[in-house]
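Note that subunit A is present in both complexes that follow, paired respectively with subunit B and with subunit C.
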Partner chain A sequence: MSEFIALRLREFRRLTQDGWLSLGFLVSILFLAFFIIFPLGKILSVSLSSEAVPVYQRLIAGRATWQVILNTLKMGLGTAFAGTLVGFLFAFVQVKLDVPLKKFFHLISLLPIISPPFAVSMSVIVLFGRSGLITKDLLGLRYDIYGLDGLILVLTISFFPVAYLTLLGMMRALDPSLEEAATSLGAGKWRVFRTVILPMLVPGIASSFLLLFVEALADLANPLLIGGNYTVLASRIYMSIIGEYDLNAGAVLSLILLVPTLLIYFIQHYWVSRHSYVSITGKPAGYSRPLQSKWVKWTLFTVCLLIAALIVLIYGFIFVGAIVKVWGINYELTLEHFRFVLLGYGSKAMTDTTLLSAIATPIASLMGILIAYLVVRRKFIGRNLVDFTSVLGLAVPGTVVGIGFILAFNKPILGGLVPKLTGTALIIILAYVVRSIPASVRSGVAAIYQFDPAMEEASSSLGASSATTFQRITMPLVRPAFLTGLIYSFTRSITSLSAIIFLVTPQWRIMTTQILNEAETGRFGNAAAYCVVLIAIVLTSIGLMYAVVGSTTGAERMIDI
Partner chain B sequence: METATLMLENLVKTFGRKKDVQAVNGLNLEIHQGEFVTLLGPSGCGKTTTLRMIAGFESPTSGRILLEGKEINEIPPNKRPMAMVFQNYALFPHMSVFENIAYGLKVKKQPQDQIHEKVEIVLQLMNLVGLGDRMPHQLSGGQQQRVALARALVMQPKVLLFDEPLSNLDAKLRVQMRAEIRRLQQRLGITTVYVTHDQAEAMSLADRIAVMHDGQIEQIGSPVEIYEQPASLFVADFIGKANFIESMVEDSSDDHISLELFGNSLTIPTGNHTYAVNDRVYLIIRPESVHLSHKEGAFSGEIKQAVYLGSTVEYEVEICGQVISVIIYDPQEGDKFEEGSRVSVEFSANSFHTLPRK
Partner chain C sequence: MRHSVITIVGILVLSLVLGACASQTASEPAQPADAAAEAQEPAAAVEEPAVVEEQVSGPLTVLCGPQEDWCQAMTAAFQDQTGIETSYVRLSSGEAVARMEAEADAPTFDVWWGGPSDGQVEAFTKGLIEPYIPANAALIPENLKDEASGWTGIYVGALGFCSNQDVLDELGVEAPTSWDDLLNPKLQGNIAIADSRTSGTAYTSLYTLVLLRGEDGAFDYLKQLDSNIFQYTKSGSAPGTMAASGEVAVAIIFSHDCVKFREETGANLVVSFPAEGTGYEIGAEALIKNAPNPAAAKVWMDWALTPEAQAVAATVKSYQVPTNPETIVPAEAISLSQVNLVDYDSIAAGEAKSALIERYAEEVREGAAAPES
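Take a look at the complex of A and B:
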């Protein structure tokens, strides 16, 4: 036992002997503890305290609660199913079919990742709503898009890229010789697909399904806009905070949302990945012969094309919305919406949001890489906990993060050492960082696993300290992942709504909440202009980050197939 | 008495949460100044782990590592005056050949002109002149290997460590690099520990070979000792091929023992072990020490299998129910033997060797 303790102590002493690297580790770990563990703990303690008892009584008594939970589940399952299906289709077409437009399909599937919230919903409402351009004007239907069907449509479009990228990686990594082996043993094409390919992809499919389910549950923007009377947990939480000023109810509802979300997230994270037959290395395993059957090939291609066309229509239509007088009604051209965003009221939101995101981005990326390095390369007893906590920022729905932040930081803590943070720009930056770290950690972990630890050992053997090795060897080698982290962080930050919606104050205007204001009050034109500007900012920044950090990167490879 | 540069005392390393993987299991080794020692053994016997403990990348679970008499267990790898050459070379892909070689000197903050001078010297030494500006991926495998070696040598380490450095090269290049490493080591006189699972490599390089088995050193000695006087069945079997013939001691004097061999009696020098009458032993004989002929001889056997390999023929011969491996060199010169034919078998009397049998 004492030997055990001595060993652990020795591990910890090693961690502290790395100069500024140790400082980085310390800061990162403290950050996780203080801005992830502490706020979540706060939600737990509030929602399990005696003050929360009346909330539970009210919730259990009210039939509406059960309806909300049921609604949430239906929405989650519907999105997970449809999104995985579309993602699978796009990945399959990409890897197994010899058809034109593959690069176009790939880029189209990346579009929703950088898209601001509300964009898809607004466009879909104007296109397919009660007085929609297509439903009413073109087809003469009286169709009500508000509710479950509309929600599943927009959520599927918003989140299928998650499934697509997961399955794309897996299908690429499938060894074609397995397929050839099955074929040479006499199996037909369909049988090979059913008995060899599909079973190998089951973990990927399961993992996509679970991730989409969680994403759908956590989404706030779309239920607010296109949900109509169809209330789900996320929008219910929003109402209890913004409409009813009831933090206790918010905390309790957060817990209800948090438990299944976390459960599923970690099933996905630990169980599914352990039952995976395919290891994703990023390198294609070989060249698989494209599917030959013309009939299957062109059917799948057509479906893919239709979906891609729908996405193009939706995003293109946002641009239309930004430059016409009254979107959906009066299609006279105007620049007044852009004037409002670029020069008028919106210009502060634009600069504020960009500034805060730009501050959060390098912090999140750097901490992400440090945590990844710590988790992959160092042995110490809290390693799994650090790993686990670092993904919490993404696993936990944004609304829950927001409420946790209010509960934790609405008064000075640690005896005034940390002042009250709510109402400041700092708390928004912190929320951005919390939301962005997981992606940086993931891409960092993947990158660090990719290169031989002997490289760092060689450096060490040549006399370099850990800090020097990290700076001269590790950092240059993970630069692509670092850039990917930067891009993800910036995109996530600037487009995030749910985590900061409860934290914004009039001093600092955030574009996503401005979009919500405009859209809720029916000024879709301004909202659309915001969306277009936001997309432009994201694309410009990605270009800038390439230029500054370098060009041979994973992100580039992701776009460049 | 010569002092050992590097001493490993009772070194133990366990892995796993339950400490259930015994990678190194009480290993003792002394390596002298300027000596070239190889750690030889099958895969998984703990060679790499031992080397990594010497380098400082793993810390021993127990035991001591001494460099020039001082314990270095707690000294981190970057503070040890050693340099390691890795199996996959571990060249830094984002640095040129020159920068790779200069890396350690830069870390040591040596002046720029000295760095240049030293790098130029090793580039020359390693036949790499003119390649300084290349990136690692622009080099052939052999060149990469030389850069890795140059990068280690430029540090003028007290101990040079190698972990299977030649295993990624093709057979011809491997033999060539082997000679080059030996030549350099002799010339620079650096104490060297070299891990390999290839016995030819170990034999051709080492002053002494430490044969490892299950995390321990089974035998240490010069290549000749290891081959001609294997201390255990494992060593005899691992180094080259060997026939093990079960036998019993019939008579024992001070310097000779008599044994039963296929119904005949055989008297041989006692060797390293002392036996009493009726002790059970293995008689060990190498395949190349067995001779076949069509003439009448002491033993008669039947050829079970003949495999023609060009420079040699390998036979499996059954004598009194036991199968013996035989290697005949220069098959164009002597007789050939058909499978199924009967032959007479002779053993070189001085080539026998015994080990106790439980």
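Take a look at the complex of A and C:
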């Protein structure tokens, strides 16, 4: 036992001998503790304190609470099901079919990743609402899009890329020789699909399903806009804070949302992802023969084409919304909305949001790489905890992060060492960083696993310090992952709403909350122009980061993390 | 004639502000930017009360009740004139009081500007308002301000029905002219109104019904109406955008908002009023207790009563009737004298608000979560 402790201590001492690197480790770990563990602990302590008892009583007594929970589950399951199906279809067409437009399908399925919140909802309301361009003017229907069906539609479009990318990676990695073996043993195409391919994809499908479920539960923007009177937990939390300003109720509802979300996320993270049949042998095992059946092929292609067309229509229609007088009513062309965003009131939101995101991005990416390095290459007590914590920022719904931040930082703490952070721009940056770190860590971990530690060992035995080795050997090798982290962090920050909606201050205007204000008061034109500008900023920044950091990876791999 | 009146008012305001500033201690140094701006426009600066206000510095944070574009225009105009850095957050009445209550010790906001005075009265009864009556409030008619609860009216407007004629035609319904018309089964799922918990507009309708039908009668009515309601929105004017886009046939909103949406969208919106009587709002301003920057808040409140500040409304198509008799009334405004009004006492309405809202939440909304948009 004492030997064990001595060993651990020695490991720990080794960590501190890393020079400036150990400072980086220390900062990263403190950051996780202070800005992830502490706020979540605060939610726990508030929602389990005696002050919260009346809130529970009120919530349990209210018939609506159970309805809200039921609504949330229906929405989550519906989205997970539909999203996984669409993701599967797109991945299948991509890998198994020999059809045209595959590159186009791929790009289309990446579009929702960089899209700002509300964009899809607004467009869908104008297209398919009661007085929608398609439902009313084209089909003569008076269809009510507000509610569960509308929500599942927009959430599926917003989140199916998650399923698509997961399944795409998995299908590409499947060993075609198994399929060939089954075929040579006389199995038909359908039988091969059912008994060989599908079982191997079960972990991927389960994983997509769970991830989509969690994403749907955590989403705030769409329920706010298209939910109508259909309330879900995220929007109920929003109401508690913005409408009633009841932090206790917010904390309790956050806990209700947090428990299933975390549970499912970690089932996905630790269990499903371990049960993978994907084997990378490194040997070329032949290539997957495209599906031959014409009937199946063109049916799937048509479905895929229709969905892609719908997505193009929805996003294209946002551009239309930004340049016409009154979206949905008056299609006279105007530059008024762009003037509002670029030169008028919105210009401050544009610069503020870009600035804060740009500050958060390198911080999140650097910490992400450091934490990844620490988790993969160093052994120390609490390594698993660090790994676990770094993922929390993504697993925890944004609204919960926001409430945790308010509860934790709305007064000076540590005896005034840390001043009151709410109401400052700093807390927004911190929220951005917390939300972006997990992706940076994950891409970093993947990259560091890929290269042999022998290279670093060689550097060390030649006398380089840990810091030098990290700088000269590790960093260049993980540069693509670093770039991925940068791009992801920036996109995630600038488009995030749920985490910062409770933290925004009058002095710093954030584009996503401005979009909410505009959309909520029916000024869809301004909101659409904001969305277009936001997409433009994201695309420009991605280009810029490529130019500065440089990369050898293809555009598709950068988002495929 | 009008010109000379404005000049007199201008001089009056100037002297008031001068007096107010003189009483303030250690004046802060003028900001260089303001000095530069002043140098550029020396002629305009002479008559503007703004010149002396440089001693009050920002930032000023306004809790703004009306629509976004009016809030934007007002804060921009104020900042231009005074050099006081001004920002705002738009909150509906219910949200505003909840927020002010939660941060009573360290308020974010300095001044609450706009929204039905019932809200300001409710806030006052909860000890969240520091009574401050701008000296130029003397110009405002007696019934549009209340010294005791510390608010001054900035505009008035009547509650009405905002209908989309095209949708009405499709449904085969006439524009409603009484509260009972809204119970028409043909309008099922075709009426939008805000939630009284968050919206001051919706509370005005609730209290109007209480006046017309007694408390129990009002709640019976609202429960019946519920089956015709398509959506309860968070902000009071949002139902109007739904009527404009044809999502609903009728929105119960302030009539001036309906006119605004009609002008902005070109939608076929018609305004009608219940014959048995309708309520109205006095959009009010009040100083927030423990405001971080009360000096700037007072400058804002004084300024907001001037004709030039009140004229900002019409530039963003907000056609409320201004309270200052000197302000030019826009042609599009619906004057209260055109409408059959109930005897709406906003002090009583504000004092009754907390209790009525509780009953509303329980009986009409049945514990449903308040709405989001």
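What we mean here is this: the second predicted complex is superposed on the first by the 545 of 561 C-alpha atoms of A that agree within 3 Å, B and C clash if a C-alpha of one lies under 4 Å from a C-alpha of the other, contacts with A are read in each partner's own complex, and residues count from 1 in each chain.
The definition used in the following text is that a contact is a pair of C-beta atoms (placed from the backbone, for glycine too) under 8 Å apart; a residue touches a chain by one contact, two chains touch by 3 or more.
Worth saying up front: this structure is predicted, and the values here are computed from it rather than measured.
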item	value
Three-chain arrangement built on subunit A, subunit B and subunit C clash or fit	fit
Partner chain(s) touched by A:452 [first = subunit B, second = subunit C, both, neither]	first
First, second, both or neither for A:460, with subunit B first and subunit C second	first
Angle at the Cα centre of subunit A, taken between the Cα centres of subunit B and subunit C once the superposition is applied, in steps of 10 degrees	160
First (subunit B), second (subunit C), both or neither touched by A:468	first
Partner touching more residues of subunit A, whether subunit B or subunit C	C
Contacts of A:10 with subunit B and subunit C, given as first, second, both or neither	first
Touching partner for A:476 - first (subunit B), second (subunit C), both, neither	first
Contacts of A:328 with subunit B and subunit C, given as first, second, both or neither	second
Subunit B versus subunit C as contact partner of A:295, first or second or both or neither	neither
Superposed arrangement (fit on chain A Cα atoms) - minimum subunit B/subunit C Cα distance in Å	51
Contacting residues of subunit C [partner subunit A, same complex]	59, 61, 67-69, 72, 76, 87-90, 94-95, 98-99, 101-103, 108, 167, 189, 197-198, 230-232, 234-235, 237-238, 240-242, 244-248, 261, 264-267, 366-373
Interfacial residue positions of subunit A with respect to subunit C in the complex	61-65, 67-68, 126, 129-131, 136, 144, 146, 223-225, 227-229, 231, 235-236, 238-239, 242-247, 325-326, 328-330, 345, 423, 505-507, 517-523
Partner subunit B, residues of subunit A touching it in the complex	10, 17, 452, 454-455, 457-466, 468, 472-473, 476-477
Complex contacts: residues of subunit B adjacent to subunit A	55-57, 59, 76-79, 82-84, 86-88, 90-94, 103-104, 107-108, 151-152, 155, 161
